[in-house]
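The structure appears below as structure tokens.
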């Protein structure tokens, strides 16, 4: 394998915001992650790619403590968090948008956002900015979130993650089910967030979107990281794309 | 109005279909006919009412006004199961499976419904080898054969989407309604599903409705595009023409500069 | 804690979507029912007596049911053992009445009230403590499975009831209602038991407090969210388990309060007294809509009023009056008067 | 309502058992040798009970086990397979019991009146179950349970009110057809050292009906129909979308289950020669049934056999055991009090809690996990 | 060879307290009558206690077991009337004596009776005659009844009416109110009772016939005295009667009150019970004691435990009890016995000092009809 695991090659650089070393995860009898090494540098946007069932979601859930890593280390901001309970991990400054969106369908859009702002009232300026990103939420402010359309739920899930500034955003397939126009504004939104200095780890199937956004890229397969490096290198290397992801950029869009 | 053979008898037709939630009109007077052998893509921004339209057609929601006709028969008042029996098949946008039955059992249940075998009380289900064989064949087609004994809750998201498609195929309906079948599916898997849909279309007699946000998919499959916006049907016609129309360019694709 | 986002931003209010409206119709049901009963009862003073008594009885039922609706509706836990907390609260009065029996027979309103409040405090403390243990040992492992909850809490109920037998004996125990709360106020032909007036006061107080707590803080939101998706609530940084324990403890304490009120109403303690009211309590919660404190309140009053009117007009039907109310309400609104959540 | 029946995954397994026994069991074999051995043991003991044990108590216990196996199995069809939580199951049990009791008391102790009573009971149960199902299986599961709770309590009140027919709180004692009375001796000589009498015949009647009923239920749950029920249990919304009329299937399941419960009630009355509200209608029996289903393992009828056997044995002998224990512990502080026979309810309560914890998937689930064939 | 007696009672469940009293009374009875030896003519008396949990089916099974497996000579029981009724046929099938104590249903010595059944407990009709006897014998009396709406309540009212007709023709039942069995709110019932009585001339009495949690305070708190209405609550076990203390002067009839009978047996029972349990004996203690006395007297008289001889001996037999002598009537084997007319005390010394005896109503003033078919 040409690519060395991210953890070893990057060790000379300043400590990244998040670093996974040799993380194994079991779900019941299944061994899903087989020793994942990856790191997410502060202030950058890192894409996590891979086929269905590669273990991307499992990786994010393991970071969040929703599934317990059976071995390995997860360091966030210099602190070991692998053994912490989920609420403490969240309080350390990580926000998470799950694949299933995890919105509270009995609660209204407003209430969903109220809950996301843990430390008190949402800053009005931030609220305006959020609702500017996702105008649909404004329209359905008092509707139970369960009644939103698929795409609107996705927007709400992301709005919730950014209701307050966090150190790290973990986002699982945010553009799934969004109309092209929304994908565009989602890309804008992540650009804006990055510009605001947030660190983001993004799982994405839409390689086109991913290629526009990412600073770094990590590719997983079968519970292992099989590639990590700069996004522009991957964009430039069609053969690598074909090998890792089974596609070439042109086939899409 | 339909670009393809306006004379052919529609397999599915809606007349002035409308639903209101409180003051909000989610689907507003949508009249549309779908003829056999045609694949119609339904596009529109998020919240345009596409899923709601499907729900009205397949009976998960009751229309405030308007009618749904299947093969000329008015089914507006019928329950979802009765509509399914009349040939309306539906796959869901948010994956909706039997979480603790195996993949094979999921599909077999759909096959069994098609075979009208549900009310057999005194014979053993595993005696119906034909149904099981059919279910296995379908799993093969969606490339899930090796996961046939896995329950959906242990499948990755993409595999769940494939299973959802498998269920619809197993129902073998006259009208197929796909709601974003490829959402969340990895790029190398997408072609599998597209091929499946292509197959169905090529059979000739099936009517396919497809909600999809990936424009390349729409372009490659659709014979016709219907655009919903704020619950209203705003465009309907040849793919190229519809995609080029300003409303789609602006409201859907977000390409403000584009004109024509 | 006040809401982070009180109203939608100004430009949102202009949007055409209707805001969630308060549903007044079920509330109107109570006066409507009372008015309907007036010509049927005929005699005005009898009607006033019945209506007042029904309102007060409704408050007592509400006190007993509120804890259950809280736990059942918000946390989605069916606590069949709720009845034993009512009994426990009732028996807890003995702890106070033992040394302070004199306060009950004293003619002073203040001493009497102090005694009652003391009983309430002790009972709530005791049931809260037992509730915490109950949650930890019995309920926690079966979150999410109603069936197991039914069985396990049923087991807890039997054990706790046996414990009451072991501690306080199997015989019924009479307890004295404080002197000044005995008897009734008489206005012409209308009588109103004094104790019921007291019950109305306590009931209203608890109702208002619960409403404020649930609607003016984010606790209610968190619990509802946590029931639907506890993982996500934790991922948002809330320690949901701790909250669940407190809700369960609060529910138990409310049952204890209900138990004290019920004990002084019945003036006799039996270990099964809590269980005996459980069917009624369940009916009330269903009528109100699972988890709706307001619904539970209206439902309690409705059930009690109907029981009184029917008991007066057609005693033969009194046996099934509760079930009748439930059936009618469910036909009208299959989710209860105030549907809360669709799970 | 959420419930956690045994996952059905293994049923799709590649190997399919063969042979006439497997056919009788609808190819749904125990699939664990420990379980098979236990089941065989239970069946043998029940089959030979009159010859294995002397005295009236063991035979009564065996008869009760049979009745409860049928009753619990029928409830499992509802709970474990269809995911319906009903509290009205004892109502059907009671209808069966009252059917027999009223007919035999009114029309005299003949086989004809028993048949009439059973037929009327079955008809009433079917109508009631269908009515309740059609009217209320549309509402949320939890509401359905509460509605059945209310209906069941209303029926109990009704039974108590119509004391002229039902004997009210006192219930009805009645005589059986001559062939089932203790005085009836079909054989002059003792068989295997036991003098066979009408009681023993009655026992075998009950056993036969139970076995038949159980096999029928096993067939139903393993039929295509049974699989639809499980699909509905997992996701009713999806089942409806696949073309299955959920309400119709659920109602059919409740009717079948109600009929089986009615038969069980009739058997109970036949054995006791008595029926009253506490015997068949009470809520505590409902809870016992629930516990038996859960101990045995929901969603597997073999669980019903295990659950019923264990629970009835415990219920019959717990007090005796505790009496012995208490005597043995005499002199120690506190302990003899705790195991005093009058505290048996305490231990029953603990049994409730412990069994739910110890066997999250029921005993059958536990055995199948550990010991594959 | 031991003499074996089975005592079946609902020892666990809601009536645990009753069963405990019965058992204690029965054992003390045996102790007193055998002068502590617990044997008769050298034969040890072996009591097998069984708990029927108030379940009729279980009671029936247990009695079968007692006769068949344990081979008892006499059985005594049980707490619940339903359970007792279910037991009756078993006694007949096995041809052995069953002494019913303390179940009260009339049918036990009425239509469901068989010749092996004897009852030391009073029956509902005796209660009703007692209550009737406590009604003033002269002047116009209007009575309204409040009873539970099931067979027990309705039978009770019917019995009271026939009792009044038999011994108090001056009193009329003008209104019958039935409340649900588990009713807790009595406002509507009280309102109806008051409406029915308030305009009647003469004495106005509400007779309460109630099993379980007593509605007395609820009715009394609504101030029936506004209309000159009195309440007759009927007797009950001591803990249940403690609420009577708040309403002194009420009159009624009771089956047993520890301070009422004056005889050595009762004196011993009261003293000894107080010593052992810290409280005076109650209803069912006296009942259990009486059952023990009936059993021993019968064995004595029959000279052994042969069932047929026992039945013969017991018919018409008179035996001593804490209430004085009782007699098994020949026709239906019901023990005829005295009742007590009481008045609630104004100022009792302690919590069990509740009643003043107005008069002992002798058994022959209570002409209980015979209802069985022989």
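As written, the chains take the letters A, B, C, D and E, and residue 1 is the first residue of each chain.
To be clear about the criterion, a residue touches a chain if its C-beta (ideal position, glycine included) is under 8 Å from a C-beta of that chain, and two chains touch if they have at least 3 such contacts.
Heads up on the chains, UniProt names are A, B = ATP-binding cassette domain-containing protein; C, D = Branched-chain amino acid ABC transporter permease.
Quick caveat, the model's predicted, so the values are computed rather than measured.
Note on connectivity: the fewest chain-to-chain touch steps from chain C to chain E number 1. Taking the mean Cα position of each chain as its centre, E sits at the greatest distance from chain A. Set side by side, the interfaces D-E and C-D show unequal numbers of C-beta pairs in contact, with more at C-D.
Chain centres here are Cα averages; for chain A and chain C they lie 45 Å apart. Distance between chain centres (mean CA atoms), chain A to chain B: 29 Å. Chain A and chain D, compared by their mean Cα positions, are separated by 52 Å. A straight line joining the Cα centres of chain A and chain E is 78 Å long. Across the assembly, chain C contributes 17, 319, 342-343 as residues in contact with two or more other chains. Among the residues of chain E, those touching two or more other chains are numbered 16, 149. Counting only residues that touch two or more partner chains, chain B has none. Considering their complex, residues 7-9, 11-13, 16, 26-27, 219-220, 222-228, 230-231, 234-235, 237-246, 249 of chain D touch chain B.
The part of chain C that touches chain D in the complex is made up of residues 78, 138, 141-142, 144-148, 150-152, 154-159, 161-163, 166, 279, 282-283, 286, 290, 319-320, 322-323, 326-327, 330, 334-335, 342-343.
Considering their complex, residues 2-5, 8-9, 11-12, 15, 17, 19-20, 218, 221-222, 224-225, 228-229, 231-240, 340-343 of chain C touch chain A.
On the chain E side of its complex with chain D, the touching residues are 11-12, 16, 51, 54-57, 60-61, 64-65, 68-69, 81-82, 85-86, 88-89, 93, 105, 107, 112, 149-152, 181.
Per the touch definition, chain E reaches chain C in the complex via residues 14, 16-17, 20, 149, 177-180, 182-185, 187-189, 191-192, 195, 213-214, 217, 221-223, 226, 237, 239-240, 242-243, 246.
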